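Take a look at the structures listed below.
What follows is a pair of complexes built around chain A, which joins chain B in one and chain C in the other.
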Partner chain A sequence: MRILTTDFFFSIFRIATPILLATLAAVIGEKGGISNIGLEGIMMMSALFGSLSAFWSKSWVIGLLAAMAVGLGEALLMGVFAFKLKTDIILVGTAVNMIGSGGTIFLVKTITNVTMGSALTSTTSLITKELQIPSIHIPLIQDIPVLGKIISGHSLLTYLAFLLVWLTIVLLYKTPLGMNIRSVGENPNAASSVGVSVSKIRFITIGIGGILAGMGGAYMSMYYAMGWSLDMVAGRGFIALAAQSMGGGEPVGSMLAALVFGFAQALGIKVSATGVDSNLVAPIPYIVTILSLVVFALNQRRKERKRYRGAA
Partner chain B sequence: MSRKNRTKFSIIRGAAALGIGLLVAFLLIFFGSEGSTVGEKFSSALDALREMLISPLFRKDGSFSLKNLSDVLAGMIPILFTGLATCIMFAANQFNLGAEGGIMLGAFVTSLVAIYVPVPGPLLIIVAVLAGAIASAAVMLIPAVLKAKLGVSEMVNSLMLNYVIMYFLNYLMKSFLADTSKGITQTFPFQDNALIPQMINNGSRLSWGFVAGLIMVVLSWFFMYRTKWGYGIRMTGINQPFVMYSGMNVAMIIILCQVLGGLLAGMGGGIEVLGRYNVYNWSALPGYGWTGITVAILAGNNPLYVPLAAFFMSYLTKGCTLMSTNTDVPAQLISIIQAVIFIFFAAQQFLSGYRQKLVVQSAKEEMAENNAGKEALR
Partner chain C sequence: MSEEYVIQMKDITKVYPNGTVANQDVCLNVKKGEIHALMGENGAGKSTLMKMLFGLEQPTSGEILVNGEKVNLSSPSMAISKGIGMVHQHFMLVPSLTVAENMVLGMVPKRSGCLIDEKKAVELTEEYAKKFNLLVDARAKVMDIPVGMKQKVEILKALVRGARILILDEPTAVLTAQETQELFVQLKNLKNQGYTIIFISHKLKEIMEITDRMTILRGGRSMGVHETSQVTPQEISRLMVGRDVILKVEKDKAQPGKEVLRVRDLSFTNEWGKKMLDSVSLSVRKGEILGIAGVEGNGQKELVDMLFGFSRPNGGSIQVNGENLIGLSQREIRRKHVSLVPEDRMLYGIASTATIEENLISDRSGSPELNRGILFNMKAIHKETEALIKDYTVLCKNGSQQVGSLSGGNIQKVVVAREFSNDPALIIADQPTRGIDVGATEFIRKKLIELSRSGIAVLLISADLNEVMELSDSLIIMHGGKIAAYFEDTAELTDELMGRYMLGLEEQSPEEIRRVCHE
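== the complex of A and B ==
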């Protein structure tokens, strides 16, 4: 069997997109000193409301915007608990994930029962081809042999996600806001002493993350799968945290890490097509996460040792 | 703040958190309930809420239901263990979320021993449960050692391990262990002497594992509050540099608390399967690990309060199940209530204005007493 087909490379980008969006959320969050483990739950919730809004409004644009709004709202709510009520951010994230798992099924049943008269347990029947986030065929590039088939024809959000990597770099390193985010992340007291409103910056940081995770959720329910179903995000929010730390917290490195996860999962899908038990293939991304965190930590340690030796 | 005021504050704070949780539940039920007018919706929402809060103990006619109570107590068994596991890990600030995978692995390994290993009499129960506990503790070594030696986030690793454990066990079940004569994926039945006897034979599955859980509560409390290692664990959570500079082995403490967490979670899984079923048929993570986290937070990481918190969670879960059978409110409402109560319990500054008032009040009282004493001396 040939594995390295154009289809395969195409699927890497397709699979990596939601992870990349969440990874950027994690990158910006960690730069601002916020470990947002609630990305998973935010993606789940925005995936649900994105698909529902798209169905109600008959427009994928509204669906996408609604998903981003829900992501933003949930992130700001997390901010209220974490920064105003001084709740440990990890516990806030855990609560968001609880709601993202069991709470979404409650909401989808209740909402569809009220609006349509029958309690649905997923929205897979509601999202049709017209409501899917559109794919874009890039003129000229799509005619390039091999490369065209890999790069062209992806979802709008896939291109947006890679554009956002660049925007994240610009935001973090070329704007006053990015400077403030990083300074609050590194030393909130110092930032505060020069007149930066720490609380405001933190809310902005977590809010941006919420919007990005919301886009990731919309991609899951309105492009990757047609419609929302329970636990469809399946740990991508957590994998994003791993990608962030594997990429050393920098946008480009984390993007590459997200692509590694895309590769691992695409490979898994290929392998399972040959008849290998899916239960052996499904855990590959999670195992890759653990291994890559270890490799990253070992690398980091070696670098530090070198630096000490250099200094001595 | 005086001791009396402190107790008063924590009771009021807890009650307020519960109140908010129930209010959110009420609003959600109200939104989804049937009825054309607001009044009708209101009364049907009230009915559903009453169903949820009262039906776990009382029947429709108001008489006490022992069966429902024993259901609630039986439901406590797994979350007692995951709650204790999470208490010990969180007390050291180790946010290991692996109790979920740990309880599944413990249940699985215990089941294998209960099916295939010939051990005479009730000894089999002990051997099987210990095997499950040790397997789960061994797996927890992975996030624990990686955290202690390399500083890798135990949180991400334990979450990833949950998924790995689930898929790997499902693979083993499907490929090697399933009893293929059955329609669903399940193992062959346990040996008869592996089943944990029931305390009440009314179908609630309230086994003697419940008592084992309570014993573990006491042991965990003793370990955490009366031994050197327990002190080290708690101090690591409060002030890690202090523990390091006072010469305790921080890496060892970080590993120990997570291994103990795994041990307890695995034990809980083993006791749960042997007390409730006669085959193993879990195909997904059971969710007890997450409830255990809530239990630990409600208990303030103190093992002694774990039974209370576990009872509360089990009661609410049972209430939501009964509510969903008798009304058309989905049982998953429990996740939302759980999350809301959880987060208000965890919020340090929740009602801080009120706490401030109590502090000022007791300070004033103290000053008044002092002044009165001085007056008397004159």
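== the complex of A and C ==
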């Protein structure tokens, strides 16, 4: 098989990284009772400001931090509208997504007109190899045959994303903050009746999500695509919501779901590269998604049955 | 002597922004170490008064003294710091957290700086559980524990936060008889340890059994304080509703006519393979009330679901006046003159954001009398609904008021007004008076008897033993998806006897049970 090469498996992780980061944002958000459909828009805005800041400062570190800060700021702004002004969170999320698309192109034209003299429609030319988020070759591991080629040499953010899965578990299940997030998500009245500030916890929850989505955005423009272009996030924020729900809202399950989506996209790319008609390739990610949803549903059903039998 | 009072609420008035006066010049004085009942019908202002004492609402005027010291209870944490704890009617627990985690929520013990000290939380829970003899499983998730234990967790939660005064909001509403007894023992135990308890309820029997004194509210005003031992249930109910509630329902002997509902060998296995109904056969005849008693979860819900087409049986037959009901839609079932007062009125009984009028005509909106061409005949609708509101004494401004804004009792009156007025041959009344005030309860019970005596068949499902015994002409008890007993005459029954069948300690012979088919 020409498809199942080490390159292919390498690309799964590469493609899954931004999805995974956004998925973790969705996981934490949903645990706190917040359906943040604005992750897509946050990623787009962060992608833009990440690449611009990196270019201005000539530093990928500043670019990444700026993307995270923009993500945080945008998420907190969502919080103000949703929690303080009591706007429906879905409406706020939709608005953020629209700003992410229309607003970024508006901003990039306004900003670059001033700074560059002529308007850009993408920042692709701005991110050079030096401004790219660095890849890390893990000593020793990179020398392992096959496996080394698959898991070594990824972006710093890819490793960070998987580390963050573990950190998310610790946060949600081992810290008082995580307990508060979960209790606010499940029964805000219970939380407030014992003196937990529901509003504060909600802001923290959505803020963490914003930072994670911001990292996803930075990955897109500062590693994956080497520059920002319009609508470059291409639905990854929404796929993250799907991964969250497919993973049953738990970090590890959602991570696996994100990898399944990464696999599907990687497969699509790989198959089309072999020269198969693109009309046949296009549905691959969707077919994989549907199949995995079926597997997930069957598995869930079996588990519930077991649980029921156990209880009866 | 004012020192003996731990709580003094003086001339409390609460006016909501929309102009509703919930409390007017209410005084509440609670002595240290007593169990003090706060009684009143739904909407009498009990909850509002307690919300102010727990810092969830602020009084418009009046003052609150705790241990003789004037306090400003601006938030629940403020109330907690003054030693006031509240056990809400709807549990304030997080289902996916463990009992211990729920106990320490908001005051989590930490280890190595930022992690939860699970061990300490469990130890703390067990220490308190032991100290107050409120045994709970500290490591179990709250979603897996029974209701009675959830309540204990709630009480412990208040105690661990240093509460010396406990407010219990209708604590027995969700408990079984045994759990209620257990709770009473524990409350008395707390009282002996010097804790003060405010007990909100409208169940006379419980109030008489457990409380020392009571404050009765009616229409937002206080009807005075009484020593429980000095008043009779009749006096209390008169103070609560301003008239004598008939505790003993008066009814003529039933004159059963021909069979209306005929259920034969009805079986149902749920999607997880558990047999919920096991060949249930029964008949309800014209002019009689057949009661179904039983501990919840023994097939009553499934039976009602089958009867009203919410799910399909695996076997057996259901007929009303000789016509099959299985496989029909709710609309088709209603056309066979079957009415349902559903158990969950907010979910199945009404659309809470719609108006009273819309809810009242929801089952007959297509009838020629209420329509003119393709539009509603509003005049006819107003006329019909006004008559219903009047007949069923629904307390409201007018028919265009949102149903959700009414009190529980009045919402239920809207439901029964609709269900009783559409010319039913069979009424299925599932928990018709659950959680509603004495006045509305009495009204609905009287109406059920009146309708049955006019020749309607009534199937009454109720968890309230008193209700099912007083109202029913004959009675069946369900246990484990089967009919465990049939009693032709409810007069001979005692709680104790029923309890034995309800808990499955005894079962009648198939022949005895078969008598419910009247063949």
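We take it that the second predicted complex is superposed on the first by the 274 of 312 C-alpha atoms of A that agree within 3 Å, B and C clash if a C-alpha of one lies under 4 Å from a C-alpha of the other, contacts with A are read in each partner's own complex, and residues count from 1 in each chain.
By our rule, a contact is a pair of C-beta atoms (placed from the backbone, for glycine too) under 8 Å apart; a residue touches a chain by one contact, two chains touch by 3 or more.
Quick caveat: nothing in here was measured; it's all calculated off a predicted structure.
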Partner chain(s) touched by A:200 [first = chain B, second = chain C, both, neither]: neither
Chain B versus chain C as contact partner of A:305, first or second or both or neither: second
Larger contact residue set on chain A - chain B or chain C: B
Which superposed partner A:176 touches (first chain B, second chain C, both, neither): second
Which of chain B and chain C A:137 touches, first, second, both or neither: neither
Which superposed partner A:58 touches (first chain B, second chain C, both, neither): neither
Contacts of A:187 with chain B and chain C, given as first, second, both or neither: second
Residues of chain A at both interfaces, chain B in one complex, chain C in the other: none
Residue ranges of chain A in contact with chain B within the complex: 37, 81, 84-88, 90-92, 94-96, 98-99, 101-103, 105-106, 109-111, 113-114, 119, 234-235, 238-239, 241-242, 245, 277, 279-280, 282-283, 286-287, 289-290, 293-294, 297-298, 301
Interface residues, chain C side, partner chain A - complex: 76-77, 80, 86, 88, 90-97, 101-102, 105-108, 110, 114-116, 144, 157, 161, 272-274
Touching residues (chain side chain B, partner chain A) in the complex: 28, 31-32, 95, 97, 142, 146, 150-153, 155-157, 159-161, 163-164, 167-168, 170-171, 174-175, 287, 290, 293-294, 297, 328-330, 332-336, 338-340, 342-343, 346-350
Chain A residues touching chain C - in the complex, by the definition given at the top: 170, 174-176, 179-180, 182-183, 186-187, 189-196, 304-305, 308-309, 311-312
